[in-house]
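Letters A, B and C mark the chains as written, and numbering starts fresh at 1 in each.
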Amino acid sequence: MEILKLVDVSYSYDGKKNVINHVSLSIEAGKYVSIIGHNGSGKSTLAKLILGLLEAAHGTITIFDKELNDQTVRELRQRIGIVFQNPDNQFIGSTVRDDIAFGLENRCVPHSEMERIINEFANKVKMEEFLDKEPSNLSGGQKQRVAIAGVLAMHPDIIIFDEATAMLDPKGKREIHEIAMQMRVENPGLTIVSITHDIEEAFDSDEVIVLNEGEIVMRGTPADVFSRKEELLKVELDLPFVYKMRNALLKEGYDVKDIMTVEGLVAYLCR
Amino acid sequence: MPITFKNVSYVYSPKTPFEYEAIKDINVTIKDGSFTAIVGHTGSGKSTLVQQINALLLPTSGEVIIDDFHIVANKKIKNLKEVRRHAGIVFQFPEYQLFEETVEKDVSFGPKNFGDTDEVAMQKAHRALIDVGLDASYYQRSPFELSGGERRRVAIAGIIAEEPKVLILDEPTAGLDPRGSFEMMQLFKKIHERGTTVVIVTHDMNIVLGYCDQVIVMKDGAIVKVTDPITLFKEDNDEFALEIPLLYQFAKKLQEKGLAFDFTGAKTADELATLIHKAGVKR
Amino acid sequence: MKNLTLGRYIPYNSPIHRLDPRIKMFSLIILMVAIFIKFTNVPMNFIMYGLIFAIILILMAMSHIGLFTLFKQLKALWLMILFLLIINVLMPNTGAFFKVWFITVYYNAIWQTLYIVIRLILMVGLTMVLTTTTRPLDLTYAIEWYLAPLKVIKFPTHEIAMTISIALRFIPTLLDETNRIMKAQESRGVDFKNGKLKEKIRAVVSLIVPLFISAFQRSEELANAMEARGYDPSAKRTRYRVMQWKFRDTVALVLVLGFLAGVIVTSVMHLDFIVLLTPIVNIILGWF
C-alpha cells in the first residue's frame, strides 16, 4: 500500500534555482526507507515539503491517499511525526515531562491520560529517570530521545528522521539508531523515513533513495545502491565500510562478490 | 618547542555550589609539529584542556608552557594577545561566530585585532581564504548568504589568517557530509605539513587513524594513555570507551576467528586487503 | 552574571514553596500596598514597618531562605540607598531642624528618608521571598491566569505566556551560546574587558550579531517544530500543568486579607499603638 507519493514536485527558495527538481517517488507502508545525499542535495527540503512546512511550487504530494494542501495539512500532520536535526531547537518544554506533554496538549488529550502516556513513552526511550530534568542538563542524544518519545506518543503512521543524528557524538548516534531499529520491530506497520548523509545508518534500511542536486539519481535496496561505487562517488557520497572492504578484497582476487555483510566476509576469509 | 602541561588542574566556578574540577593534575607534552588527537568520552575534560593552550582558561594550579610562553596558575598573564596569536582555536560549529558584512572583512577581523594594519590584514585574509578553497569571488559576499560548509571554511580562514604556530580544532567535521569531512581534514593535513602543530579534539576514530601521529586519551578529567593511533587501537579492549575504526574492528574479528596476521599499518580497506593476502589467506 | 543567582529559584519543599503561585503573587501586591500606607505618627510608621519586616522574616524562615541572602541582595543596592539617603536628608522640609555647619537638616526629612529606604528594603525582601520560592514558569502560569479575562478583548494571553515560557527555557541555552561566541572571538584577539571605546564597540558587535542571527534561525526551527507537532494557538488545547487551589492557599488568602484590613483600619482610625498599649503595659508592670 502506497503511503506517501510525490509526483513531479519542485521547490525553490529564491525563485531561481530548484532545490527540489521535478521529484517523483512513492514509499510503501511499513518500509524503512533511507534518503541519502550530500549536504545541499535537498534532503531536508523534502522533509519540510512532506510536512507541509513548505509549499511545493509544482507537483502534488499525496499522503494516506489524501492530497496535501491547505485544507488537509493539519489533519495529515497528526499522522506524521518528525525528529529534526537540532536537539535544542525542537525541545519546547521546560522539562522532559513538559516537552512530551506539548504534543499531547496540542492534540487535546484529556488531562487524566497525560501522566500515564508521558511515563509510558519516556520508558520506551529509556528516559524515565530524567523526566524532571531541564534540557540544559541533557546531552544531545538524550534530547533527541525525548523528541522521539514526544513523536511516538502521537501514534504516527510515518516517522521522519531529518538528519536526527547529524549533531550527535558517536554514542548519541548509536542510541538513536538503536531506538529506530527497536521501533521497527515493535511497530511493524510503521513507515520510517530516514534522511541522512551517514552512510552506515542507511545500511539497515529496506530501500535507499539517493538524492543529488534536488533529483533522484538512484534507488534500490542497499545491496543494489552500494554496489554502484562510481555513481556514488560522483554524487559525493561514500560507501559503507562493508562495501569498501568487499571491493578491496575483490581487487586482491577474493571471490566475495555476493557477500554483503561483515559477518559474511569474516566467515569467508576464515573458512 | 612542544606544548607542556605540568600538574595542571582547572576548577570551574570555585567556591560556589557549582564548583567542578574538570581536569586534575595533568602532565603531558604535545610534540612540536605533531598532529595530536585528544580523545575521550564527553565530559572527560578535552575542551577544558585545549582551552589552556591559548589561555582562554587559565589553570587553577600548575603551569602550561607553549614555546616561550609560560602560563602559571594565579600569576597574571603578561602578553595575552601574543599567546592568542600563537595558538588559535577553531570551536565546534565555528560558522556561528561570523558577523561582518563581507567575507574578507570577517576573516581580516582577527589580524586587525592582533595589530596588523588594514592592508596587511586584508592580504592575510585573502591568503587564508585561498587556503580554505574560497576564491576571490567570495571576498565581497556576505557570509550569511553562503552555504553551511562555506561559512565554516570562512570561519576557519578567520583563525588561520594569523598563521598560528599551534592550531587547535574542536570537532571540526561535526555535521559535515563525507566529502565535506574529507576536504576539511585534507586542509588541516596541508596546514600541518607546513609545520603547524595541530591538536584535534574528536570522537571520530577514523580521523585519528587516518591523520594523527599522537593520541592523548582522557577519562574523567585525567589522562589515561598517551600513544600513537595504531598502538591504541590494537590494544584497546573497550577500556577507554572509544569507537574503534570499523577497519580495526574487522581486523580484530578476523584475529578472533584464528587468523594470525599483523594488521599494523593498515589505514585503508585496500591496505588491509593486501595484508590479508600477504598473510596467506587462500582465495 | 554572578548576580543572577540572587533572587533565583531555590528548590525546597517549604510551606511557602507549596503555595499556589497565584496567591503568592496576590500576597506580594497586597503587602506592597501595605508598605505604602501612612500611619498616625512617626513612631507608628516605624512600628508598622517593623511588623511587616517581622512578617518577612517569618516567611523567609518558613521558606528556608537565610537572612544572609537578603543582605547580599541589598549589598548590590547599597550605592543607590546611600545616594537616596544623602539627597533626601538635605531636602528642605517643615518642622523642627538642627544645623550641622552650614547644612540645615530637618527631622522630618530624616524620617521621610528613612521611610524610603525601609520601604525599599521591605520591597526587595518581599520580592525575594516570591522569586526564591516560585519557579519562573509557575509565575508565568499565574500571570496568564490573571490576564485571562483580557481574552475577551482578544488579548493574546496564551501566546504571551507560551512565548515567556519558551524564553525562560532557553535562558541557560542562550547563556551557553554567549559564552561560546565570546570564547571564539577572544581566540581571534578580541578583548571584552579592556581597550578603547571603538574597540569595545567592535567587541560587542562581534558578540551581538552572531547571537541575533542564531536567535532568528533558532526561532524559525522552533516554529517549524511546533507546527509539525500540531501547535495552533487559536485552536483548543488541553493543559498538562494545572494549578490546584488547596486549603492552605485559602488560609493564606484569609491571613493576607485580614492583615490588610488590620493595616487599613489602623491607618484610617489613626490608631496609635503606643497610646493604646501604654495602659496595658502599666497594668502588667503593676503586677510585679
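Descriptive notes on the structure:
The working rule: a residue touches a chain if its C-beta (ideal position, glycine included) is under 8 Å from a C-beta of that chain, and two chains touch if they have at least 3 such contacts.
These numbers come from a predicted model, not from an experiment.
Note on interfaces A-B and B-C: more C-beta pairs are in contact across A-B.
Chain centres computed from CA atoms place C at the largest separation from chain A.
Averaging C-alpha coordinates per chain places the centre of chain B 47 Å away from that of chain C. Chain centres here are Cα averages; for chain A and chain B they lie 30 Å apart.
On the side of chain B, the complex with chain A involves touching residues 41-42, 147-149, 174-180, 203-204, 243, 246-247, 250, 253-254, 257-259, 268-270, 272-274, 276-277, 281, 283.
In the complex of the two chains, the chain C residues touching chain A come out as 137, 165-166, 168-169, 172-173, 176, 218, 221-222, 224-232, 236-242. Within the complex, the chain B residues that touch chain C are 16, 51, 54, 56, 80-81, 84-85, 88-89, 91, 94, 96-99, 109-110, 112-114, 144, 158-159, 162. Residues of chain A that touch chain B in their complex: 38-40, 139, 166-167, 169-171, 197, 199-200, 236-238, 241, 244-245, 247-249, 251-255, 262, 265-266, 269-270. Of all residues in chain A, only 48, 51, 53, 74, 77-78, 80, 82, 84, 86, 88-94, 97-98, 101-111, 114, 118, 134-136, 150, 154 touch chain C in the complex they form.
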